[in-house]
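The structure that follows is given in the form of C-alpha cells.
To keep things simple, chains are lettered A, B and C as they appear, and every chain counts its residues starting from 1.
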Amino acid sequence: MTMQPTDLATYNFAYLDEQTKRMIRRAILKAIAIPGYQVPFASREMPMPYGWGTGGVQVTASIIGPDDTLKVIDQGADDTTNAVSIRAFFAKVAEVSTTTSTADATIIQTRHRIPEEKLGEGQILVYQVPIPEPLRFLEPRETETRKMHALEDYGLMHVKLYEDIARNGHIATTYAYPVKIEGRYVMDPSPTPKFDNPKMDQSEALQLFGAGREKRIYAVPPYTSVVSLDFEDYPFEVNRFDQPCALCGAEGVYLDEVVLDDRGGRMFVCSDTDHCEKRRAAGHKGTMAGGEIGQ
Amino acid sequence: MTVAGSVSHIEEPVDRPAIPAADATEEKPLLSASGVSKFYGSRIGCEDVSIDIWPGEVLAVVGESGSGKTTLLNCISTRLMPTTGTVTYRMRDGQTRDLYRMGEAERRFLMRTDWGFVHQNPADGLRMTVSAGANVGERLMATGARHYGDIRATAGDWLGRVEIAEDRIDDQPRAFSGGMRQRLQIARNLVTGPRLVFMDEPTGGLDVSVQARLLDLLRGLVTDLGLAVVVVTHDLAVARLLSHRMVVMKDGRVIETGLTDRVLDDPRAPYTQLLVSSILQA
Amino acid sequence: MAVPLIVSGVSKSFTMHLRGGVRIPVVDAVHFSIEAGQCAVLSGPSGVGKSSILKMLYGNYAVDVGQILIRHNGTLLDLAQAEPRQVMAVRRDTIGYVSQFLRAVPRVSALDVAAEPLVQRGTDSDTARRRAADLFARLNLPEKLWELPPATFSGGEQQRVNIARGFITDHPILLLDEPTASLDAANRAVVVAMIGEKKADGVALLGIFHDADLREAVADRIIDVTGFAPKKAA
C-alpha cells in the first residue's frame, strides 16, 4: 500500500487523541485538587511496554504544548536508553524542543530521581510510577486500601517501618519511602531514593505522578507539605555519602557507584548527569576528573 | 443430688469468676441489642434477638452449627448489618450511640480501641507475614503511637502476658503453633485496653490441652482487666469456665437465657436439655 | 437483720423434655427462715431435696413458684425472681456457698482459688492470699500444696480448699453442702469451730451435714425437709 504525502497529520499532537488528553487532564486537575490522592484514569496503550514509563508519558503528553521544553531523566541521567527514547518520542510527536538542562526545562519527566538543582515555579516534574499504592506491601486488597485512605487508617504504614527497624535496627527503606501529603494522604513518592524526599516538601514546582499499568494519577501541587513517615526515636534521615562526587567534587548530592574494573576499583559519581556536567564546566573537579574518565 | 434423670446436675456452681465489685454498680449496659434480625433472603440468620452486655461480664452464646450464634455476633459487632433491629453502645464518654448510625471512620476507631475481635482461625485476625511484635503494636500505631521503643516494649509486655517468650517478638506468626497464634491474636486485641471483646469459638480447632491453657489465660485476663466479653461457642465446658451468663440459640432464636450455671445445671427448654445431656458427658 | 433469709411457698420440679415431658416434683411448699447468728440444718433422707433447696437459695436452680426473700445490700430481694446480674451480686456480697466438690480450675494455685472471692470483692491480692493461707494453716492443709493447683489434690484436701474459699469472706448468709464429708475428725473439729465463729459474727448459716455428731455440734435448729415432700398427686 502506498500513501501519497498529504497535509493530514498521521498522528495527533503529542500522540494521544484530544479526548484522551481531556480525560487525563481532568484526572490531573482532580489529583491537584486532592494532593496525594490516587485518581483512577483510563490508561491507554502506548507505543512502549508497561514499565517503561507509560504513565509518565501519558501525563506528559496531556500537558505538553508546542512552547514547552522537555527534559527526560532516568535515574538522574539524560543519556540512558529510556530517557533518550522518550525525549525523541516527544520531539517527534509534539515537535517540542528538548534539553538536558534542568533549569531550561518546563517539563521534566523522571524515572526514580529528582534533579539536584532546585526546581522553580512554572516547572512541572512528571514521575513515572510503577506501583502507586504505598499500602500494598501489607494489604493486597485494593478495596481495603482505598477504604484505608478514605478513613485515614494508616497504622499499617508504621507497621512496615516497625518491621524495618525490628529486622535491621534502623529504617532500611531507602527508596519509595512513604510520605504524608499536606497532613492527609499517605503517598508513594515512586521509587526515588529517600534522599530526594526533602526536595518534594514545599517544592515550587508542580509534581505529577503517572502509573500506566495501575491506571492511577496523583499530584503534589506547589508549596505543599510532604512529610516522610518515621518514629520519634527513629527519625527520618536522608542517605549520606562518605565522599564527594569523583568527577565534580559535589557534596550533599546523590551518588551512583560505578564499578571500574574487575579488581574492586570503583568510583562514586553524581547520579544527576546534568548537575555534574554543569559543575565540571564551571571548573569544579573531583579526585578522578580530567584523567582517564574523560578520555 | 435429688433428681438424677437424664440431665446431669453434678457440676457445682461455685467457682466461676465473680463479677468485679465496681461493675455491679454500673447502671447501664455497655452494649444493647434490641430486636436484631438478619435474613439471608428467605433464610433466617437470627431473629428478634435482644440482649444486653454489661461491663465486666462474660456472656456466652451457645448453640449448634447454624443456630445463628455467629450471625448474631457479627450483627452486634457491626461486622454484618442486621436486617432489622438496633444495637447501641455506651462510649467511654458515657454517651450511648447507635452503632449503625455511626460513620465508618468512628466505628473503625471504636473497633480498634475499645473493642476486640478474636477469630476462631488466628490467620483471620493476624497479619501472618508481619512479626509478632508488629502484630501487637499495630493497634498502637493505628492510634497514633510513634515511639518505636515504647511500642516494642508494650508489645513485649503483652507477649509475656499471653505466655509467648519475648525472644519470639521478631518471629512471624507463620512460625507459631496454633495455640501460640491464638494467644498472639488475643494480645493484639487487648493491647489498647478494650472494654468489650467479641470471640468466635476462640478455642475451636485447638488440642484439648492447648485449649485448657488458653481458657485459663482468657479467664485470668478477663478477670484482671474487667473485660466484657461475648463469646460464641458450641462447647458448653468453655461456656461454663468463662462465662457468667449464657444465651442458648436454636434456629436463629434465643430459646433460653440465664446465669451460666443455672442454665447448665437446671436447663428448662427442651433443646437446652438436649444440648446439656448430649455434651456434658465427660 | 435478725432474719436475713425467708423461704416462702417454694416449689421445684424438673420437667424432663427428653422423656416425653415427664414432670418430676422435687419439693413443694418449702417454708422456713434462717436467723442471723444461728446455724440451721436441713435434714431428711437422701433424695428428699435438701441439696436442691440449697441450690435454689444460691440461684443455681430455678424456682417454679414461691419466694426466696433475702436482705441484700440493705434492700429486700426476691431471689426467685431476680435477674441474673442481681443473683451474681447476691453471690458476691450476700450469700456464700461451700459446695460438696471443688471444681478445680487448672493452673490456678490453691491459695488463689481460696482467695478469689475476697479479691473479687476488692481486697488486694496479697491480703486475700494471707487470709487464705491462715485458713489453710488452720485446716491443716500441707503448706507444700498451697501454691499448687488443686486439681490433683485428694478429696479431703480439695474440700479444705473449698471450705477456705467459702469461709474467707464475711457474707451474711453462708450455705454449706456437706462441707465435711471427706474430712477426718480433727479437721471436722476445726470446721465446727469455724462455724461457731461465723455464728458469733452474726452470720446466718444453712447446711446439710450427714454426720450426726457434727450436726449435733453445730445445729441451732433442724429443718426437716421431708415435710416439703411433694404430694403424690402433684
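Operating definition for what follows: a residue touches a chain if its C-beta (ideal position, glycine included) is under 8 Å from a C-beta of that chain, and two chains touch if they have at least 3 such contacts.
Keep in mind the model is a prediction, meaning the values are calculated, not measured.
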Remark   = Neighbours of chain C that also touch chain B are none
Ask   = What is the chain whose Cα centroid lies farthest from the Cα centroid of chain B?
value = A
Query = Per-chain C-alpha centres versus the global one: which chain is nearest?
reply = B
Ask   = Which integer distance in Å separates the CA centroid of chain B from that of chain C?
value = 30
Ask   = Centre to centre, by mean C-alpha position, how many angstrom separate chain A and chain B?
value = 49
Ask   = With chain centres defined as C-alpha means, what is the inter-centre distance between chain A and chain C in Å?
value = 78
Key: Touching residues (chain side chain A, partner chain B) in the complex   = 138, 147, 151-156, 158-159, 162-163, 165-167, 230-234
Query = Once bound in the complex, which stretches of chain B touch chain A?
reply = 104-105, 108, 112, 127, 129-131, 133-134, 137-139, 141-143, 146-149, 151-152, 169-170
Key: Footprint of chain C on chain B - complex, ascending   = 1-3, 5-7, 11-15, 17-22, 24, 54, 57, 212-213, 216, 219-220, 223, 241, 244-245, 257-259, 261-262, 265-266, 268-270, 273-274, 277
Message = Per the contact definition, I'd like the list of chain C residues that touch chain B in the complex.
response = 14-19, 24, 26-27, 47-52, 55, 58-62, 84-85, 87-89, 91-92, 97-103, 105-108, 113, 116-117, 120-122, 162, 165-166
